[in-house]
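Just so it is clear, A, B, C and D label the chains in written order, and each chain counts residues from 1 on its own.
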Amino acid sequence: MAALVLALTLTGCSGGVERREVVVTGSTTLLPITEVSGEMYAEHNEGVSILVSGMGSSAGIESVSTGSSDIGTSSRELKDAEFELGLEDTPVAYDAIAVIVHPDNPVSELSTMEVRAIFSGVITNWQEVGGPDLPIGLVNRDEASGTREAFSKIIMDDAQFDRGAVVLPGTGQVRSVIADIKGAVGYISLGFVTDDVKAVSIDGVEASEESVVAGTYPVQRVLHFFTKGEVSDVAADYIEYVLSPDVQDTIVREAGFIPITAKDGSGE
Amino acid sequence: MSEPLKTEKAASSSGLKMMSRATYFREAALKNIFLLCAVLAVAAVGLIFVFTMARGWEVVKDPGLAAFLGGTEWSSSLGRFGILPLINGTIAVTLGALLLGAPLAIGTAVFLSEIASPRMRSIVRPAVEMLAGVPSVVFGFFGLVMIRPVVAELTGGMGFGTLTASVILAVMIVPTIATLTEDALGSVPPGIREASYAMGATTWQTIYKVLLPAAKIGIIDATILGMGRAIGETMAVVMVAGNAPQFFKGLGAPIATITSQIVIDMSYATGTHKTALFGLAIILFLISMGLVALVRALSRLNTKKA
Amino acid sequence: MTPLSGAARPEALEGAAKFTVRDLDFYYGDFHALTGMNIDVRENSVTAFIGPSGCGKSTFLRCLNRMNDLIPGTRIDGTITLDGEDIYGPGVDPVDLRRRVGMIFQQPNPFPMSIYDNVAFGPRLHGIKKKEELDQIVEQALMRANLWKEVKDIMERGGLTLSGGQQQRLCIARVLAVQPDVLLMDEPCSAIDPTSVQKVEDLMAELKSSVTIIIVTHNMQQAARVSDETAFFLQERQGEPAELIEFGRTAEIFTSPHDRRTEDYITGRFG
Amino acid sequence: MGKRWANRIALGVLWLCGITTVLVLGAVILYVFVRGIGQITPEFILTRPYGVNAEGGIGPTIVATIYVTGLAMLITTPIAVLAAVYLAEYAVQGRLVNAIRFAADTLASVPSIVMGLFGFAFFVEAMGLGFSVLSGALALSFLMLPIVMRATEEAIRAVPRFIRWGSYGLGASKWQTVSRIVLPSALPRILTGLILAMGRAVGETAVVIFTMGQAINMPFTPLDSGRSMTVHLYTLAMEGINMDAAYGTALLLMVMILFFNLSARWLTARNRKVKE
């Protein structure tokens, strides 16, 4: 019943190959890639529309598995339960998560353990990590965020986030609040780090594209496209387009992600 | 002595027409169509209740009524859906809004009804009305970019939290309370005012000792409805409250309300989590219905007394 | 021939009875407003209802075209016949009744539309659509209401732009346009200026050759001036139903009333 | 002496209240105006957002907003007006009327987020309309119903009784009286109510976000999804990615709301003049 209802909710439920519509649902992290590449793809291919919505990775995985969407985008790996859905994985980019602080904050290096202690509320003053006597202002993402999920998995391990952290549902907000407030700390995708904030090194490794591709930067993840079963021609063509240099070297880079093709490139 | 006279008249008019069946049916049908439309309003409320209920009642099974209503932790990753921190947040934010907003609104209403010159009134009243029309996202946006940094300075925190949310909500409930209070003051018979002035009372004494007591129930109604608005307000709160489902820790500390938690969670909730969100909606629905019932009971009391 | 009960025993008069009211009692919910009304209203005459405020004159008047039907919870006992037919009989269409028994109210109540549309409203309601026909009806009605000269060049102006007295005559024209047999006038002159009162009174004298007129008035001089017959209503005690005390030729009521209470009222002992 | 001073101070405070209210509105409008006016170009209004930072215009969100509001209006108006006609002209005080009024009051005070969740559960999922303009419009119509109903009922009640009597006295039937005299007389006030309800719908976020969806899309059929201006503003502000566009969107929203408000005021003023 629920599945039927869900299937009715979106247009992409008929499964025919003639469709000129690709429904892409999922992680907000991937929106910069999917929205822009979708627009460009539609521009090049008359009559095709790529319908993109960002509802979180979980929703993306759920909707591609119920057939509501052609492509589910996710900024996290599949959970155990989701492996049974029989989804096909196409990695499209790297995303590294930077821990950011106010530019004037003298602290510029933290260990994974320190970051964990800060975000779980054990360390509450910068003094405790070698900074000034300044209370730490925690900025967290909402639980729908794939970034939070990744950060939680990579950094937090079993520790719980401090419940008193400010929860903001958008990367830009996190960045602008931290740019504004001296004692604040938060995390955003490396691609969104600007000069307004400072990304600290983690475990001695600078948060940079090189360290990500090299695999040394600890807080990183892979962004995925998930599909299920037979994919319509348009959708398959669109995925191919996303993996092409046209997208990887322009859109993905402009969005601050690291192209999935960068690794092979650096190997050559 | 007169007697009823023969009806020799018939030439000029052909007697009374029976109501034609067509007319009768048309009028009756129309009446029933109107009734149907009116009943739709009832049906709408019923439908809302039934559907939120249908989606949310299972909170009594999982996480269980006690864990839902009595739980002190709201965390979807841990599968804990206790609403006490959210209720606590809603109360904190609403109280703050009432403390700031109600005096301002009632003062504005008194100003409009008793003091302002027609010219002043023609400026203030439209302002109040337009304030009511400003979309809540715009208020939220304004709070985010203007009020939050100020509060951050004041409290030394990040500016997301109870105080910022209260300030924004206070502004948002001003029109509701002010308009209804002005109505209440307007329905105080003018004779009472004149009598008070005639006895040598100052304007303020007349307002304080005569008008406000006379309009008391109306003002309470207004405040209750303003409170309802504050409890139900969503977008503006999400944008400035900080959305941390924790118990009140100070004016500058982030907090989450019932409504803000729904918005934050709705985009990704599944299973029990989603059920719990609909459970929150049921609670909001019951609160607003309870407040309406309270206001109606109060006004009935008022008419009885009068 | 039913013998009359109650106080109202009109003298035998010439002419056919337009309205015949027998043993009428009227209730607003639990409140018994009128009791034991018996009256014959003669065709092509002017009948005046007088009495102190709140004595049920207007309520009674509104029984005659079933306007009281519009107030929920009202109830009526007894019979009222118009040309011998029971107007409260089963299946009688109050809408058609009201077309035949027109009504003028205390407050002039032109509709918020042009003068022409005000007068044409009734005929249009009853299915007349042709422009020439409507023009003719409107002109005639306005002429009969002595308003034609004043408004013939401003027919498209709003009815509400006229003076109070003109508005009242417009309302009369509006009623005349549906060619009623009877005209009920509920204190038609109490809200207009004295010059206009004169015009409306003259109008009544002209109209009565073709229309039966019943007028409720507070003004005894007016009743004496315009009416052929007069009925005196009185509610003797608060909370009790009002009664029809006396009904007869106007000249007689005003010069030699049979009832003490009528005399008291006319000589000014009641409000 | 003390009495005079108390009076002066108290009146001063009341003045302050009145002025504060105006200033708050002024501050909101001015701030949004100053920061947003630079954004408003034909391109901003007409084109669609593109790119990582949602640059470009907000065209589709304007279309979606107007579309969903207009559709909601079409759904609400007949029902609300006829319901008000029933309450004002036909209803006899009693339990049913009491229930209807209680329901209307409750409907008016149901938080919009509840309306949003309900709309999602009922229109989007159970009725299978999906995230669409139609779902959004239906959910919005629930929100507007009590507003329009109340405005219409008050408008109808404000039509003087004696004007009705005039019509009945001419042998008009109830429906003829209502349709030819009462409703036309009440029309300006009904329109005012409708306009204010539309303003409310345009500014609504929590309802449409869960019923019309959030994807930026130019809707054509009522079954297409779309993102309203309010949702766009919310997203921009919360994502913090393109604050300039956020200011521009906020300004356009305010302009639309002000337009609705001012036209309602104008209508009321004009109506008053005609009556005098």
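In this text, a contact is a pair of C-beta atoms (placed from the backbone, for glycine too) under 8 Å apart; a residue touches a chain by one contact, two chains touch by 3 or more.
The shown structure was predicted, so the numbers you read here are calculated from the model rather than taken from an experiment.
When the partners of chain B are compared with those of chain C, the chains appearing in both lists are D. Considering every other chain in turn, the ones in contact with both chain A and chain B prove to be D.
Taking the mean of each chain's C-alpha atoms, the chain whose centre lies closest to the overall C-alpha mean is D.
When every chain is reduced to the mean of its CA atoms, the largest separation from chain B belongs to C.
Of all chain pairs, the one linked by the largest number of contacting C-beta pairs is B-D. Chain B and chain D have CA centres that are 15 Å apart. Rounded to a whole number, the gap between the C-alpha centres of chain C and chain D is 47 angstrom. Averaging C-alpha coordinates per chain places the centre of chain A 84 Å away from that of chain C. For this pair, chain A with chain D, the centres built from the Cα atoms lie 37 Å apart. Among the residues of chain B, those in touch with two or more other chains are 23, 238.
Residue positions 55, 168-169 of chain A are each in touch with at least two other chains. Under the contact definition stated at the top, the residues of chain C that touch 2 or more other chains are 95-97, 100. Interchain contacts give a graph that is no line, ring or star and is not complete, per the touch definition above. Chain pairs that touch, as defined above: A-B, A-D, B-C, B-D, C-D. Of all the residues in chain D, the ones that touch chain B in their complex are 3-4, 6-7, 10-11, 13-22, 24-28, 31-32, 78-80, 82-83, 85-87, 89-91, 99-100, 102-107, 109-115, 117-118, 120-122, 126, 142, 145-146, 149, 173-175, 196, 199-200, 202-206, 209-210, 230, 233-234, 237-238, 243, 246, 250, 253-254, 257-258, 260-261, 265.
Taken in their complex, chain C has these residues touching chain B: 1-2, 4, 9-13, 16-18, 20, 22, 40, 43, 81-85, 87, 89, 91-97, 100, 181. Residue ranges of chain B in contact with chain C, taken from their complex: 1-10, 12-13, 15-20, 23.
Against chain A, the residues of chain B that register as touching in their complex are 73, 75-78, 149, 152, 156-161, 238, 242-246, 249, 253-254, 256, 264-265, 267-268, 270.
By the touch rule above, chain B contacts chain D in their complex via residues 23, 26-27, 30-31, 33-35, 37-42, 44-48, 51-52, 54-55, 103-108, 110-112, 114-116, 120, 123-124, 126-131, 133-142, 144-146, 171, 174, 178, 202-205, 207-208, 225, 228-229, 231-235, 238-239, 259, 262-263, 266, 277-278, 281, 284-285, 288-289, 291-293, 295-296.
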